[in-house]
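Quick one: this structure, given as structure tokens, is what I'll be asking you about.
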Amino acid sequence: AAARDQVQVAGSSTVLPYASIVAEAFGENFDFPTPVVESGGSSAGLKRFCEGVGENTIDVANASRAIKEKEIKACAEAGVTDIIEVRIGYDGIVFASDINGNGFEFTPTDWFLALSDKVSVDSKLVDNPNKTWADVNGDFPAQAIQAFIPGTKHGTREVFEEKVILAGCEETGAFELFKEANGGDEKAAEKACIALRTDGVSVDIDGDYTETLARIESNKDGIGVFGLAFYENNTDKLQVATMSGIVPSTESIATGEYPVSRPLFFYVKKAHIGVIPGLKEYAEFFVSDEVAGPDGPLSEYGLVADPELAKTQEAVASEATMGGNS
Amino acid sequence: MPTFWLVLALIALSVAGFFLGRNRALVSAGGNSKDLHSLPSYYGHNVALSALVPALALLAIWLLVQPMIIDQRVSSMIPEETISEGSTIGLVMSDVRRVAEGLDLAVAEGAMTQEQARNLRSEFSDVRGRLGEIGVALGADVRPEVLRAAQTYRTLSNTGNIAMTVMVALVALGGFGWSYGRTHKDFRARNVVEQGILALLILAASLAILTTIGIVLSMLFETRNFFSLHSWTDFFFGGTWAPNFRGDSDLSILPLLWGTLYISVIALLVAVPIGLFAAIYLSEYASKTTRSFAKPLLEILAGIPTIVYGLFALLTVGPALVRFFGQGENGILGVEWMSGATSVLTAGVVMGIMLIPFVSSLSDDIINAVPQAMRDGSLGLGATRSETVRQVVMPAALPGIVGAVLLAASRAIGETMIVVMGAGAIAKFSLNPLDSMTTITTRIVSQLTGDTDFASPETLVAFALGLTLFVLTLGLNVLALYIVRKYREQYD
Amino acid sequence: MPRKHGNSLLELTDRTKRRNAAEARFKAYGIAAIAVGLLMLVVLVTTIFSKGLGAFQQTFITLQVELLEEKLDKNGNRDLDDIKKVTTFGYAPIIRNAVETKVTELGVETPLKGKDMAGLLSKDAAATLREFVIANPDEIGKTVEFRFLAQSRVDGYLKGRVSRDSIENDKNISAEQLDLVDALVAADVIEKTFNLDFILGADASDARPEAAGMGVSMLGSLFMMFVVLALALPIGVAASIYLEEFAPQNWLTDIIEVNISNLAAVPSIVFGILGLAVFINYMHLPTSAPLVGGLVLTLMTLPTIIISTRASLKAVPPSIRDAALGVGASKMQAVFHHVLPLAAPGILTGTIIGLAQALGETAPLLLIGMVGFIASNAPDSIASGLLSPNSAMPAQIYEWAKRADPAFYERAWGGIIILLVFLITMNTLAVILRRRFERRW
Amino acid sequence: MNDMTAMDSTVETQRTKIAANSVNVYYGDSHAIKDVNVEIEDKTVTAFIGPSGCGKSTFLRCLNRMNDTIDICRVTGDILLEGEDIYDKRVDPVQLRAQVGMVFQKPNPFPKSIYDNVAYGPRIHGLAKNKAELDEIVEKSLRRGAIWDEVKDRLHSPGTGLSGGQQQRLCIARAVATEPEVLLMDEPCSALDPIATAQVEELIDELRENYSVVIVTHSMQQAARVSQKTAFFHLGNLVEFGPTGQIFTNPEDPRTESYITGRIG
Amino acid sequence: MNDMTAMDSTVETQRTKIAANSVNVYYGDSHAIKDVNVEIEDKTVTAFIGPSGCGKSTFLRCLNRMNDTIDICRVTGDILLEGEDIYDKRVDPVQLRAQVGMVFQKPNPFPKSIYDNVAYGPRIHGLAKNKAELDEIVEKSLRRGAIWDEVKDRLHSPGTGLSGGQQQRLCIARAVATEPEVLLMDEPCSALDPIATAQVEELIDELRENYSVVIVTHSMQQAARVSQKTAFFHLGNLVEFGPTGQIFTNPEDPRTESYITGRIG
């Protein structure tokens, strides 16, 4: 087996565009070959990351969520002990609808009432009766509810459930009712909260944002969940809704005003640094100001730059691993 | 590249063997080929194969084993304590290999002499820099033990390569000599060659078994993990499929199985009649020119990427169906049976279109192979062509047609893109073909490529699904084999 | 004796009429089936072409660039290491200057600042420039003419995809920039021409859709198809011959037979799992390599070829085998000389369908690392073609279709056109061969 | 010819069933049948004799348009069945073939059971009202084909598993099952032993009472035994056609004589 | 029997070429050949006669193991060729078939050109050193098959486009082209006219000078004309085997007599 000479990256499809922009620029500006950035999902990437240490394993895993405790354990079992966690910024999650349709100003409550399997009516849990947005909120037009939300494979779904549905559940007081119904079990109540209706009003999208967009094109009533970067590239077809009164933008997300967002990461296998040519340079380049800063190409493409970028740069430079030992 | 030249030499030897063997056989028969047991070329082939096959096999094994042995030898040179924490000997070894390759390249490019490469000391020279000049990038400065290991690695590889060349050449010559010596007019060359070929045929057939074993093994382990985390009763007998990120998901195969069957059946209901009628028309009615155009054109349908079909389902077929079965008063039928564009019917129809050539092309070939005498017999009794086709030709072509349909069904079960875009991603039991549903295969793909923790049951369920599907289709295939056996009609 | 069958031949009896009607219906079903198939083909192909043809054209901006020494080689000694230290970001001002110069030269009035003017160009421009400078350090200090790619929105504007209405909220381009584009088009600085790089080039990142091409992934597919053809066809035919002609009829053969048809039903992603486990983790072959992709696709294609080959071997009448055996041919000779040629059409059909499937498959490639951003260079040898990281056409298309910029969407369809052309080229040979082997007996 | 004048059954006065006028047949470029004129009478057995390859089968296949199935085969001239041109566009070859049945030179049983082989024709022509009637037709036909005794216990085993001669008789049974008005038999006894041959000849004689039979044979004895009229073909030409007795005892053409006496082949 | 005592060529003293000892053949459950013992002599023509379906073809196919190709067929007993059991495991059926050639009952030309049909055997057995020799073999074989004149101008057109009788002769030519020591002919003249038949019979006579020929025929005359030994089969039994003259003039078994005189079928 010939020695591998390029950095190998795999993981999240959300991080992929950013990683590929970096990889491309890295290849252009360094003497190292362009890194290979595979997509395939955060979990698949981490799985391959944790398969062990060695040339036939990947060097970097992209993830649209933080690595889980269980995964760190699995990693360690396979000998991958020193992992450098790098947070590169945030992904804003926005709600958008057809450009020529009605505009919306949502709150989490609206979404809970629109999509939950059961809602509270007069303090009783009933099957969700809402058919149109006007049923949900008197201020909304009588447009049929048709939501295209990320499928259960997507990390975005988790964020949507946590920050929108669950928040709405609590706001409407349904959470308490669920808790009661489940004998005070909070976990069960949460599970009940995030159970969505299956009557076709809420459609899981397993594909990508392009599919969500295509669905909205074929059903003008549809409202979809998108990444901020995707929306910004398709402003000619989509209009964005506000959430709790805030318009999503890189700025409003960076300040934390806009609530629905998630951090993006990549993980570096420390043992590979010094062995795989260009690995450290790639990691440093990724988080450099030129690239990941607020004026860099990543932010230009839609990444919400991390306000604590300097700290991250330092951590990468010193190869600080998770758990502290460097 | 020595391997390349070695292979080339082997081929040359084997070609020479062919002619020499052939000649020797002819000579032993006094130039009269009729006295030979077999055709002269069989003697040639015998020598050629005897020289080539064992040598190639040895070469292949050597190429697999030598790096392992060298790795082991060299890695023993690396002191335990120099391996930094978190790293492994394997990783150091890849560094060693990279340096060794770099040195090879440097020598090849003339940037270094053999001598220099052998005696280079990292204490005294900047190895990384010198290799960098010739375009070999290294991750870090070269440590002395790595450099020394790399040099040993090179020496061992060189020795190994020489030994390999010698051994392979010996085996080749041995095979050559042995078979050449055996070449005599009474030698049963044809039988030997044919036995060799038969062995190759068996090898090819057993590859299928190996693949199956590989598939089962590559899924079994993770499936076991899954069942240790999730109850098997829920998986096999539960009624809900609802993975979520907090764990404690309902992961039952039943709704997925239902969706798989439903969509596949609809797809086959589209593909089989259309495909069969197309095949019949092409082979029994169409003119030669029509056939020679229509058949390859239909075959393009099988090659259009499924993402196109997915979009076609989502943007064209789905909305068209909605216009029929949905939209209330505004719809064509004035009913409100269908809200979204995605449905079992959408995906099934589009998948059916994709599968048309699977049925049509293969069936056409098989129907075409039914002897004309069968048709004559029927036509001579005053049957119409369609009667002939239905009652005589089709039964005779049945095994092939079943094969084609099975192929289409298999493809329908394995399809993902069309289902994702055309049928939706919600698992449910419903008889209504206008509902969205999903299939086992799409769930395998999405759970494998999703964001759930890779050690969680939500991800591992993909393996259990894969294995269960494997067993289910196995059952279906046994059934199909039984049916074909029962109804097969042999002509002639 | 009255005529039993009735009257004149010229008058059809009722029963004949009925049967003829059935016959006509049957035939009509056949025609209808073919018509449906072909109609769908036409619909799909027209959709593909109408959406994808645009990708073969691209907008370029021609500029004279002054390669300022103080920016590119501060020390002025043309040391390559120094020159390389200037990153693509460092080239931005040079490009900005060039645009400004051009605009001033043409006397176009615009409220735009230099940065926004340079925004008309692709981000690829800096890379093009840097590459040129490193290859020709002597040109530093001179003014050189370049043809740069225009940014995807500008390209979309010229292609009609982007309009002044649609960019209202778009922060990638503004109305003023479009005014400038109009002026530059009038001055022939911006033009839309055929784009060979789309066919020959490599992938580009999300930030520069205009630079992305299919070429490298096409080579990836080509190498994979070589592997598939070189392995699946001989192995498949050999296995079928063994099973159909030589294997004793026993439970073992039955198991193999059922196994093979079952493999056909294994979802392609499972072959990816297998490939990852066997070829990459166990045999340590490199990831993202067309060789591994080819091996996985071979395993996936084998059942298709075996099933069709077996079906057509079965269809050869036994009297042909008898005839050959009767003159003293061995079974092997009877099969290879007589049966196999007669079964060739079916084998080729299986190959056509199997290869079409293999060519269009992405799911297994996902697991062996061929899907994603793999912008490697075109391979320079067969070994590197097989072993160095590459993508494949369908994977490339699939990636493009997911990307945010609508320009990628057009490229995805353009890629499908290339894929289809590739497929048809590949099939043509097989179709011609198949026609030569077709005969009735 | 449409009136019913055929009450008397002497050989001479049978009305014409099939009339062929200057028929030519080509296989691609090769001219297989050259300007043949022949009249085949009703209630008569006509024998076609001639050396192998002279065009007997080809001409026979013209009579029920089985030639249509050979791509390269081209027929000119008219063939009239009961005065109607069978190559007329309005004629449905299917109806024609139901009236003009055929037993092929090479036995070609369907890959079906023996029963289904015979029942096939009656089924497609709707000759049986129910299963019992069909059973009866099958039995009767197999008896007429002189094969009933051999196959009555294995009616449901495949017709392809029969011996050569059995297959031939099965094909005869299959052809008579549809009760055609004209039966064309291409060497129906070639694979049969003398006794079976005699039984088939008996069948032919029986058929003659109602129908017209054309038989190709290489056996002069057979021709002499069963036929009333004989046609002698040579190299695609119809050399001589006349009452069987006359052809065999007193041929007009020297070629006929040579053939009958065994001198040309 | 292995010494060369066969210098004299009277019928009685020919050495045994093939000896079959208590051969039984089953098709699945049905017992097609029942305990047959027969000795086929060298340089002799042996005729197999018997009613259709009595097992002649089946037994013939045993002699060169063509039965191997029928799945359900099972053979017991020994058949010795020159004293060697042909069902022995060490025997290569291929080599056997090269020595024991066969003409099948149903003509089965390859879907190839006439030339290739005939040249196939010589090619795989390496009987010709070069193209010229092969051409010569092909011509000679076609001449022996009495079909040369008819096909000499169309050697490269497909063998399947021949008439029934021509196909049969082509198959004969194909079989003799490989010069087998024993030639098994299953009704080789069934589709032939008397002249062609006479030519084939001449061929058989010629072959007899060097080889052994077994011929299945339904024509008593033919059997009487060409064979020296005759075997009569009936319902799977070998009823009688002896010199042809004796069988036809003075059969021992009443069944033989009935058959020859045309009473059982």
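Residue numbering begins at 1 within each chain, and the chains themselves are lettered A, B, C, D and E in the order written.
Going forward, contacts are C-beta pairs under 8 Å (C-beta built on N, C-alpha and C of every residue); 3 or more make two chains touch, one makes a residue touch a chain.
Everything numeric here is computed off the predicted structure, so don't read it as measured data.
Q: Starting from the defined contact criterion, work out which chains touch subunit A and subunit C both, please.
A: Chains that touch both subunit A and subunit C, as defined above, are B.
Q: Kindly list the shared contact partners of subunit C and subunit D, in label order.
A: Touches both subunit C and subunit D: B, E.
Q: Work out the mean Cα position per chain and let me know which chain is farthest from subunit E.
A: Max centre-to-centre separation from subunit E belongs to A.
Q: Name whichever of B-C and A-B has more C-beta pairs touching across its two chains.
A: Here the pair linked by more C-beta pairs in contact is B-C.
Q: Measuring between Cα centroids, which chain is at the maximum distance from subunit B?
A: D
Q: Central chain, going by Cα centroids?
A: B
Q: Indicate the whole-number Å distance between the mean C-alpha point of subunit A and the mean C-alpha point of subunit D.
A: Each chain reduced to its C-alpha mean, subunit A and subunit D end up 82 Å apart.
Q: Which integer distance in Å separates the CA centroid of subunit B from that of subunit E?
A: Centre separation, subunit B to subunit E: 49 Å.
Q: Express in whole angstrom the distance between the two chain centres, defined as the mean CA positions of subunit D and subunit E.
A: Spacing between the chain centres: roughly 30 Å.
Q: Using mean CA coordinates as chain centres, what's the gap between subunit C and subunit E in Å?
A: 60
Q: What parts of subunit E, by residue number, touch at least two of the other chains?
A: In subunit E, the residues touching two or more other chains are 94-95, 106, 124-125.
Q: Where in subunit B do residues touch two or more of the other chains?
A: Where subunit B meets two or more other chains at a single residue, that happens at 190, 372, 384, 387, 448-449, 490-492.
Q: Give me the residues of subunit A that touch two or more other chains.
A: 1-2, 4, 31, 33, 40, 44, 207
Q: Quick one: which chain pairs are touching?
A: Every pair of chains meeting the touch criterion: A-B, A-C, B-C, B-D, B-E, C-D, C-E, D-E.
Q: Please name which positions on subunit B make contact with subunit E in the complex.
A: Residues 33-34, 36-40, 188, 190-191 of subunit B touch subunit E in their complex.
Q: Could you list, by residue number, the parts of subunit E that touch subunit B in their complex?
A: Residues of subunit E touching subunit B: 92, 94-95, 124-127, 129.
Q: Looking at the complex, which residues from subunit E come into contact with subunit D?
A: Result: residues 27, 49-53, 55, 57-58, 105-107, 146, 150, 154, 161-166, 169, 186-187, 190-199, 218, 220, 259, 262-265 of subunit E touch subunit D.
Q: Show which residues of subunit C lie in contact with subunit A when the two form their complex.
A: Subunit C reaches subunit A through residues 84, 87-89, 123, 127, 130-131, 162-163, 165-172, 204-208, 280-281, 284-288, 366-367, 369-376, 387, 389, 399, 401-406, 409.
Q: Any idea which subunit E residues touch subunit C in the complex?
A: Subunit E reaches subunit C through residues 64, 66, 69, 71, 93-95, 97-99, 101-104, 106, 108-111, 120-121, 124-125, 160, 171, 174-175, 177-178, 180.
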